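The structures considered in this document are given below.
In the two complexes below, chain A is the common chain; its partner is chain B in one and chain C in the other.
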Partner chain A sequence: MWEQIRSNRLRSILLVAVMGAFLIALGWLLGYSIAANGIAGVVIALAVYGLLNLVAYFQGDSILLSVAGARKIKREDHPRLYNVVEEMKIASGLEKMPDVYIIDDPALNAFATGRDINHASVAITSGLLQKLNRDELQGVIAHEIGHVKNRDVLLMAMCSVLLGTIVIISYYGSRIMMFGGTSGGSRRSSRSGGGGGGAAIVMVVALLLMILAPIFAQLIYLAISRRREYLADASSALYTRYPEGLASALEKLASSSVPVKNANQATAPMYIVNPFKSRGLKMNELTSTHPPIQERIRILRTMAGNVSPAAYDQAFRQVKGAKSGIISPQAAPLVGAVGIRAASADTTPLEPSEEKITRAREVSDLMYKLDDYRVIDCNCGTRLKIPPALRGKTIRCPHCGRSYQA
Partner chain B sequence: MICPTCKHHMFVVEYQKIELDYCGNCQGVWFDVGELELMLGSVGIGETKSVLDSLLQSPPAPTNEKKRKCPICRRTMKKANIGGTDHVIIDTCSREDGVWFDGGEVDHLVKFLSGKSPEKSGTAKVFSFIKEVFQAK
Partner chain C sequence: MSVVIWVILGIVVILLLWLFGTYNGLVRARITVKNAWSQIDVQLKRRWDLIPNLVETVKGYKNFERETLEAVTKARTAAQGTANAGVGERSKAEGELSAALGRLMVVVERYPELKANQNFLALQEELTGTENRISFSRQAYNDSVLQYNNKTQQFPSNVVAGMFNFKKEQEFLQATESEAEKKAPKVSF
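After this line comes the complex of A and B, so read on.
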């Protein structure tokens, strides 16, 4: 996959350069129009640009994780998840264990982020953790580790932070324009003729930003292409040796229509499936950042008896009816045929409701623990979970009527 | 979670491994859709959606009761009368985040159900579960 890695690096550089050119042009324009000094504007713009890139490079992952509301967990918080991540770390040959994060959200989704393979994180929503059995969880985590291993994470983090900044600038720009256009601008221009020119330039710039922001969004959509998702799926099949795990997880993801709370235009491409899907609205497949889920499932299920990238490539061609595959022929022979393993012992086609409930309590208890809830085990068998805000208050068990001091 | 009726902090009541959010101040109960699904699954009803739909599609109740906002999505919830002439009014989230029972409604519900033979339908299972949990009221 070296070719893919190189192309990722190239795209990162291209993105950074285009952004730079855009900002410098903007700086010159603003400097020239406000202080009649284009050079000063360029200097300021360069400083802002440099800072922005440093922040995106070093802090991109932590910004994205905090925007998503993700919280880091340790092994003892959720051993099942931690073990699966560790297994996939070993299977993929990563040197360093990625940090594991949980997002408290009933929506079903996951993403990976980071600077490079040694500074990576995987995040999963509590809803997804609750819904997936071991094999499915392994498939999803392997897909995310695939993104780390294929060096998709830095590009995605840089894109999201840079795009996020543009979205913010254009948001405030449009505000300035609205206020400037209605009250402030007209008052100023009626008093003095000189101020009106500057306000007009700001208005034009804001308008320009507003027009350009969606174009940049599109640029990201192109950079983080669907190809990447297919490749991560291929990696997942290879690492888990069990494509059915991811296929069945994707099926669960597809059937849910709960949108992710903290996702936005800039962070959408990171997730394993599109976080914006909503009830009764069919995603336009042409402009979607993600390949259609049904197609991804079909490809995974077509891989009969072999999980190598070449087998994925063959399945891809078969399902898409395309001549050219997704994995370059030079890379494919590096991995020989690898057989599919059997399903895990605890994976039954029809899950008993007991298991679902146990998994749900495991996850919700973890979320309560992270939120610092106190647990009272009442003698009647009822369990009361008390938020920090009610500490010190008297709590009455609604089942048996006993009172407790929280 | 903040109580949609009296704005106090609610706590969680776990009974038979199913969680309900309960307001100690006004005795209101929030039944989250995820928990609803688990509870119905454990009694062999897999179709949570049809149960929720039957609650949602019950005729809107003409009532003077104050409108409440869903504690999850903050949207105004829909009122439904599920007790016929006994007027048991519940609030259902239109995004299907869950169902809210006012403090008085749980009492009403318990009284309403005690006169009836146990039913097999999904909604009846939901109500009898709530009745079982909140015995001490």
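After this line comes the complex of A and C, so read on.
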């Protein structure tokens, strides 16, 4: 939506281009040292990349959602979540309502996926849905919608496919060179007699690149991922006009140490916080998909009174002590001050414990419903939740002993 | 000689491409403003549709203050009446409706049995959602206007905006209604 996000995309695309250059160099060197044909190597590398990319583009979101065990919900299933998503859809100016998914997992996390802004989905774990009040939920959903709106989902999918291709080609390339290609190459050079020096150098460079390319590509990938997290935080502050919501949600996320059940390395950058957190262990900043949570919270809390992207940028520089911000400086002053809004009602700690219980009950009822449980209200006040396996059988209430036909 | 011609041709092509790009960007920004405006409309209508349900749920409770309910119904009718009026008149009427709803929510606090009613709790979430939708659609409209204005006033896109007569400024939605509306979400549910 904002100009600076577009110019930031340019920077991300530059990093992707470097990764692409790695892939092409790798393909050429491998092709040259295995079959003495660099071009063929490049063509094969690009073909593998193209194929994987097509799969990721058209099937990526459904693969991701089914791997994570996400289930689609309707408005009636959880009105509050659905309303919050719709509010953020309106605030961000998205044209189409994203699909809303829920993941049955006590871990606290959420992610967005979808190849473009018209095929977007937002998923949240039942644990997180239970823990957050309305303002916090809004901050988290706004962060996810920010990913959709900033086109991060497509960018990160492209990047992870690029990284995957580099890893695959390095892996198989090194094996072919060791067990097949090398002997063929030496036979050829011995036949031609001399002149093998050049080929040997290419081979050494190819081997080096095969070892280094996956590492560098991974580091670039992580750098892009962290940058997009900051941007999505800035979008969240802008959409909700209330950075404290996301900050306090992140605080709750930071205090939980339950790792996400069905996350893997490829899906990690999609989540709102790193799904493989290990508490107490300071993650090296270079090797993480996400910026440190505490830092994200500090940045959000530093931008008091103004929620424009420029204010986020200023807070970012202040907290990081960095000269260059996350949002490009030539575009940042264009947006004026954008005021903050007041906290919404249910944030005030009226009856916090009662509210927490209500939220937990809402979510567990929803999970039972999604698992196709039936509910019978017994006359003694007990709610019987009947699993689908017991349907058609007679159930006895454990408290008063009345019998029901399920 | 031919090199000079090619260079000039290249510059002309680049200029034309930039012109097309900028023009399309301006058109897109203008459409975004228009869409954001109609989104406010949609959300205001949504609130009108919600009110009969709300009144029906609350009315069933004995001794519920009549005048509070009547004020809401009246404000809704008045707001619907200004659907085709100017922005100022409309935002005033809608602001009054917001205030009336806010008062209703305060009164509800005094009826514990009503607060425990499942229907009413669902309706309350709907109302909060609707109020939020209205204020977020207004916010999105203001954001889109800000972006459009930046485009029409800043160099170099202002040159293109001037050439094709893109209006320099679109009015921000006045804050008159937001004063009244700000009070509504503060009600403790």
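The working rule: the second predicted complex is superposed on the first by the 272 of 406 C-alpha atoms of A that agree within 3 Å, B and C clash if a C-alpha of one lies under 4 Å from a C-alpha of the other, contacts with A are read in each partner's own complex, and residues count from 1 in each chain.
The rule is short, and it goes like this: a residue touches a chain if its C-beta (ideal position, glycine included) is under 8 Å from a C-beta of that chain, and two chains touch if they have at least 3 such contacts.
Just so it is clear, the structure is predicted and the values come from calculations on it, not from any experiment.
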Partner chain(s) touched by A:Y404 [first = chain B, second = chain C, both, neither]: neither
Which of chain B and chain C A:A360 touches, first, second, both or neither: first
Touching partner for A:F22 - first (chain B), second (chain C), both, neither: neither
First (chain B), second (chain C), both or neither touched by A:E87: second
Which superposed partner A:R241 touches (first chain B, second chain C, both, neither): second
Residue ranges of chain A touching chain C (in the complex, touch as defined): 1-3, 79-80, 83-84, 86-88, 90-93, 95, 134, 238-239, 241, 334-336, 342, 344-346, 348, 350
Residues of chain C touching chain A in the complex: 32, 35-36, 39, 43, 122, 125-126, 128-129, 132-133, 136-137, 139-140, 143-144, 146-147, 150, 154, 182, 185-189
Chain A-touching residues of chain B, taken from the complex the two chains share: 1, 9-15, 17-19, 22, 24, 27, 34-35, 38, 41-42, 133-137
Touching residues on chain A, where the partner in the complex is chain B: 106, 127, 130, 353-354, 356-358, 360-361, 364, 368, 373, 381-387, 389-390, 393, 395-401
